[in-house]
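As written, the chain order gives the labels A, B, C and D, with residue 1 at the start of each chain.
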Amino acid sequence: MAILVIAEHDNQQLKPATLNTVNAASQLNQPISILVIGSDCQAVAEQASAVSGVDTILVADNAVYQHQLAENTAKLIAELASDFDYVIAAGTTTGKNTLPRVAALLDVAQISDIVAVKSADTFVRPIYAGNALATIQSLDSKKVITVRTSAFDAAGTDGSATITPCGLVHANAQSEFVSEELAVSERPELTAASVIISGGRGMGNGENFSLLEKVADKLGAAVGASRAAVDAGFVPNDMQVGQTGKIVAPDLYIAVGISGAIQHQAGMKDSKVIVAINKDEEAPIFQIADYGLVADLFEVLPELESLL
Amino acid sequence: MKVLVTVKRVIDYNVKIRVKPDGSDVDLTNVKMAVNPFCEIAVEEAVRMKEKGIASEIVVVSVGASEAQEQLRTALALGADRAILVETTANTESLNVAKLLAKVVEQEQPSLVIMGKQAIDSDNNQTGQMLAALCDMPQATFASEVSVTDNSVAVTREIDGGLQTLSLRLPAIVTTDLRLNEPRYASLPNIMKAKRKPLATVTPDDLGVTLSAHTQLLGVNPPPQRSAGVKVKSVAELVDKLKNEAKVI
Amino acid sequence: MDFALNDIQQMLKDSAGKFIHNDYDFETRQKYSHSELGYSEDNWQLFAELGWLALPFAEEFGGLDGNATDLMVLMTELGKGLIVEPYLSTVVLAGNAIQRGGTAEQKEALIGGIVGGELKLAFAGLEAQSATDISSINTQASTAGSGLVLNGKKQVVLHAQSADKLVVAARSHNNNGNIALYLVDANAEGVAAHHYPTNDGARASDLTFTNVAAELLGDSDDAAAVIQAVLNDAIVAVSAEAVGVMDKMLAATVEYTKVRKQFDVPISTFQILQHNMVDMFMECEQARSMLYYAAITIGGGNSEEQVAEANKASQFLKWKVGQAARLVGQTAVQLHGGMGVTDELDVGHMFKRLTMINTLFGSMDIHLDNLVKQRQAA
Amino acid sequence: MNINFSEQELAFQQEVQTFFREKLPESVQAHIDNGLSFSAEVTVAYQKALYNKGWAGINWPVEHGGTGWTPTQKYIFQTESAKAKAPRQIPFGYSMVAPIIYTFGNEEQKQRFLPDILASNTWWCQGYSEPNAGSDLAGLKTRAVRDGDHYIVNGTKTWTTLGHHADWIFCLVRTSDEGSKQKGISFLLIDMTSPGVSVKPIITLDGRREVNEVAFQDVKVPVENLVGEEGRGWTYAKVLLTHERTNIAGVAVSKQRLSALYDLLNQPPAGCPDLKNNSVFMSRVVQVEMELKALEFTDLRVLSSVSTGTAPGPESSILKIKGTEIQQALDELYVEIAGIYALPFVPEQYDEAGYEPRIEPFFAPNAAPHYYNNRKVTIYGGSNEIQKNIIAKQVLGL
């Protein structure tokens, strides 16, 4: 029995999501290999070989895989899967895009977004936006799984796996990469950050989000937003935390001017520590906040920045 | 160009679900059901294509129990032309739904399939991708913008770091994300016309598909409840507690 | 025996409900209410596009042949948003009077405009000395040259400010004491208006007519039956609106008491408050049942016996909704504590709308008194 | 939305009306007009007439002699029986113990008990409440100790309606003390003639003997009389509560009493106050009329969902509370319309046919006793306060 973990990377950097995924995979107590599919991605392979508890690193380095499009990467993974019993990827947009296609090619089910491993074939995953947790048993011989990375700690980086190239090349004549606009900022990505400070409708407008950014810089935090703030056009949509945005579970989540509707809570209620700053004492967010400060955010933020 | 869209019957977006006391499943008795919000966005996108003269016919498909006809009627009232119900209640996990849809796609030969990225009950986010594999079609998931040219479709997708644009050769499959469009309300005249639009019902046997279970639901339980913490009086007290009590900064 | 909504009613309920949920939250409603017009013209055009303005009118004039039950379904959902658009005055009152009493030409000329969203109307009935019903109005129609003119004063005419045309109840120009209905151009010469907001967020006006050019609505100058039929429909409409508001108040109160903690526990754990909320629930259900009874009966045939039953049903309904709304409204405010009496929270505004609905088309005490007198005369 | 009966339902209505016209003697109908309760003989005669027509087990499964009627047919039967001022079947046999026997009992028990219940040969009463176990029934203390092929039963049951007429009593007894209060309760059938069973009357405010206290002193009860398993009595009793869906609100009976009240108002008997021209009184009457009309449609909404096989909506939970409130409101109106003639306490005038000297108007002296007795309807079968607790929890999720 062996496990193939699909690396999450951008051809230069192995993303932290892979470390959480390996940790989840390690709970199955089987030998683990990491597959790196990309173009000019040797650096990623080296970083992958340092991940603790991993035996081998497979590298499929070819121009056709540069943008990791699902059509050909899924064929590659499905082909390699014959030597493995588990194919596991992080529940990132890349994992969610590709893994179901692999499962279909292997004619097996996929178990999405697991938050716990119960046994070799039984897992726990959130349903109804996390308002219920389902225990699912796989009846297939091969298990295709995506992992909700916020539910697992990161694996260590003191390993030394052997790197072996994989020469399989699958062309992709069906879809073609056109362009990409990545929001380049040194601040950590929402799904990877250990501290997040989010703004809601209470921020009043987009410019006021700079008050959050100043505090975020002091804490090395990512900046998020509620759907209300995104819908009001304060900030771009990829900053949205919630049922229909990003699911996060940082060590510290500071909700500023966010009422905390169920849909928002669904995205951040698993954070280790939650702080709520709101002038409305009745805001639902206070129900789940470990520390609540009923005050005007425009007074609190500057003071908070100065104290950090 | 024929466009095929899928809709799923799920609980209403605003319903707070309760887990059954015996932990067997979520309690759906007397719960208001509706079209999955992401599926509504798929129907809306198809209807806009028809209004722009790009789509000539919109076929809406649902896989589920006979009650799903209600959701198909809603899709017809939003502007779909023809509805197909694949009636089954057993084994409706994503892979099996994809297999059934693959047969419908084979019969209908649409140039474009538009589906919701996930259903808000199972939250699987799988069926579109699986259908693409079974039909060997290119896919673009989490679409926030779709523009069709003669034999290809350009799709902007929401990915973790930002936006990515792909060009897919038709026929292709697109799954919708929340900001693709704002679904319209069904007008009363269209609601009345929907009653007269064709709604065919087929079964897995008619499609020559036999379904087997690939997973089994062992139980469902509510998530751990958070209890409300303490109120702090000042920013200073907050910082102190975060540093020394919670040790998170 | 079937109380389930048919497919069309179910989808109408879903789309109206979705509109209120997505585009008509309380903050948005307040913005419309405090705007210069007092409502949103964009919404009015959307209502036209969605066929809601066409609902009760005959297909022949661009309508959708909807009956009282269909109107009930739509108004219950719109009630949940406390809408301020002039649907009641334009469609349910004035438009309905034209449909029931107008000549074919008048219907041809006016209903198309209403359905298309171009024409807004108001119904001017009550007067200072005839404030609970229009039986003792003084506004007088008279002939002037080849046409007719109106003279008189009308009180609290709903949404007159945004009306293009008025349907006015007046003493017949044939001086036979009949009460007839007349069409008047709202901006005609001789129409003086004092516009003001109402305390539940809508708009109304006091109007004075001095030799205002008017046209008889329909062929007969005896509009009593038409007015009674319009009144019955209006009572179903505002009662449906009230039931929608009550449902929302109950849900809001239950949610609030689960969140609001005092003495370290949610106040929803106190039995007295639980029973108060059960009483609210029972009143909502009994009001809904009476609404079904009235909508079915009023939407029924128009044999003499059916019309008599319809008139009784509208009195039963207006009483029951008044009584239920008083309990639900007062209890909701009480259980919200201080917040219930504030302007910023929506619950208080729902309470105000319910209180004002009781004053419209005869309060619960007026209908109760009429019913008592009818039985005493039997 | 429509509230009309189908062709077959109308035909069935005719059949029911014909049955009551032919089978119900004139004297029986006068009882309701005068607020009188039916004697045991009159009730049993009526139940036997229903049995002979095959209409005794309205809610029973067909294989045990049930009518197999649709929910709408049941509704029609209950409405027509009220209009015909017929007696009500004693519920303890037909709709309380029988459903538990045919659902949880063994074959022997079904054969032994069901035919006699259906034919109204045996009279049953209910042994649930105890002096110290009322709303919190699960705290009951009557004990049944297993002794070979018998149970030895000791304890006291109270509020046992018509226990003095009963041949059998079905009891909730405690067979164990482990686990929760509910877990140790069993469902036991006891022959009233068994040695050690004693029945003591409890006279109620109307001066009549309707309820009793039944004491068990070392009563030997054969093990065959245990229904289902030991320790599951509570769940059996709870299932019963959801069994009886229609006719809880008593709308038909209340409508009949209201129309009789209007008759009294329109032709007030000599001696009764002329309340028709008293607007304060009339406004109370009209309010009851309107509240009853609303309840009638709540009842129809429940019928509509039950007859399409869907679970009834939350509105079904208010039938008992609103129904009993309206019954009591009607009682108040009758007392007031009786005027001064509410004072004489002459029960014999109602017990012996043709009793002289008779106080007129005949209904008046019985108005207050009926009003006193009927205070029970918001107390028994789960008080209205308990009903509100249930609604708060199950409907409002509090």
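Miscellaneous remarks
Assume a residue touches a chain if its C-beta (ideal position, glycine included) is under 8 Å from a C-beta of that chain, and two chains touch if they have at least 3 such contacts.
These numbers come from a predicted model, not from an experiment.
Looking at chain B and chain C, the chains that touch each of them are A, D. With centres defined by CA atoms alone, the chain at the far end from chain A is D. Contact count check for C-D and B-D (C-beta pairs in contact): higher for C-D.
Nearest to the common centre of all protein CA atoms is the CA centroid of chain B.
Centre-to-centre separation of chain A and chain D, using mean CA positions: 63 Å. Chain C and chain D, compared by their mean Cα positions, are separated by 43 Å.
Work out the mean CA point of chain B and of chain D, and you get 52 Å between them.
Spacing of chain A relative to chain B, judged by their CA centroids, is 21 angstrom. Multi-chain contact residues of chain A (touching two or more other chains) are listed as 287. For chain B, residues touching at least two other chains: there are none. Pairs of chains meeting the touch criterion are A-B, A-C, B-C, B-D, C-D. Chain D contributes residues 311, 313-314, 397 to its touches with chain B in the complex.
Those residues of chain B lying in contact with chain C across their complex are 14, 34, 70, 73-74, 77, 185-192, 194-195. Across the complex, chain B is touched by residues 7-8, 10-12, 14-16, 18-19, 21, 46, 49-52, 54-55, 64, 66 of chain C. Listed in rising order, the residues of chain B touching chain A in the complex are 11, 16-17, 19, 26, 93-95, 98, 120-134, 136-142, 144, 154, 157-169, 172, 178-179, 213-223, 226, 228-232, 234-236, 238-239, 241-242, 246, 248-249.
By the touch rule above, chain B contacts chain D in their complex via residues 18, 29-30.
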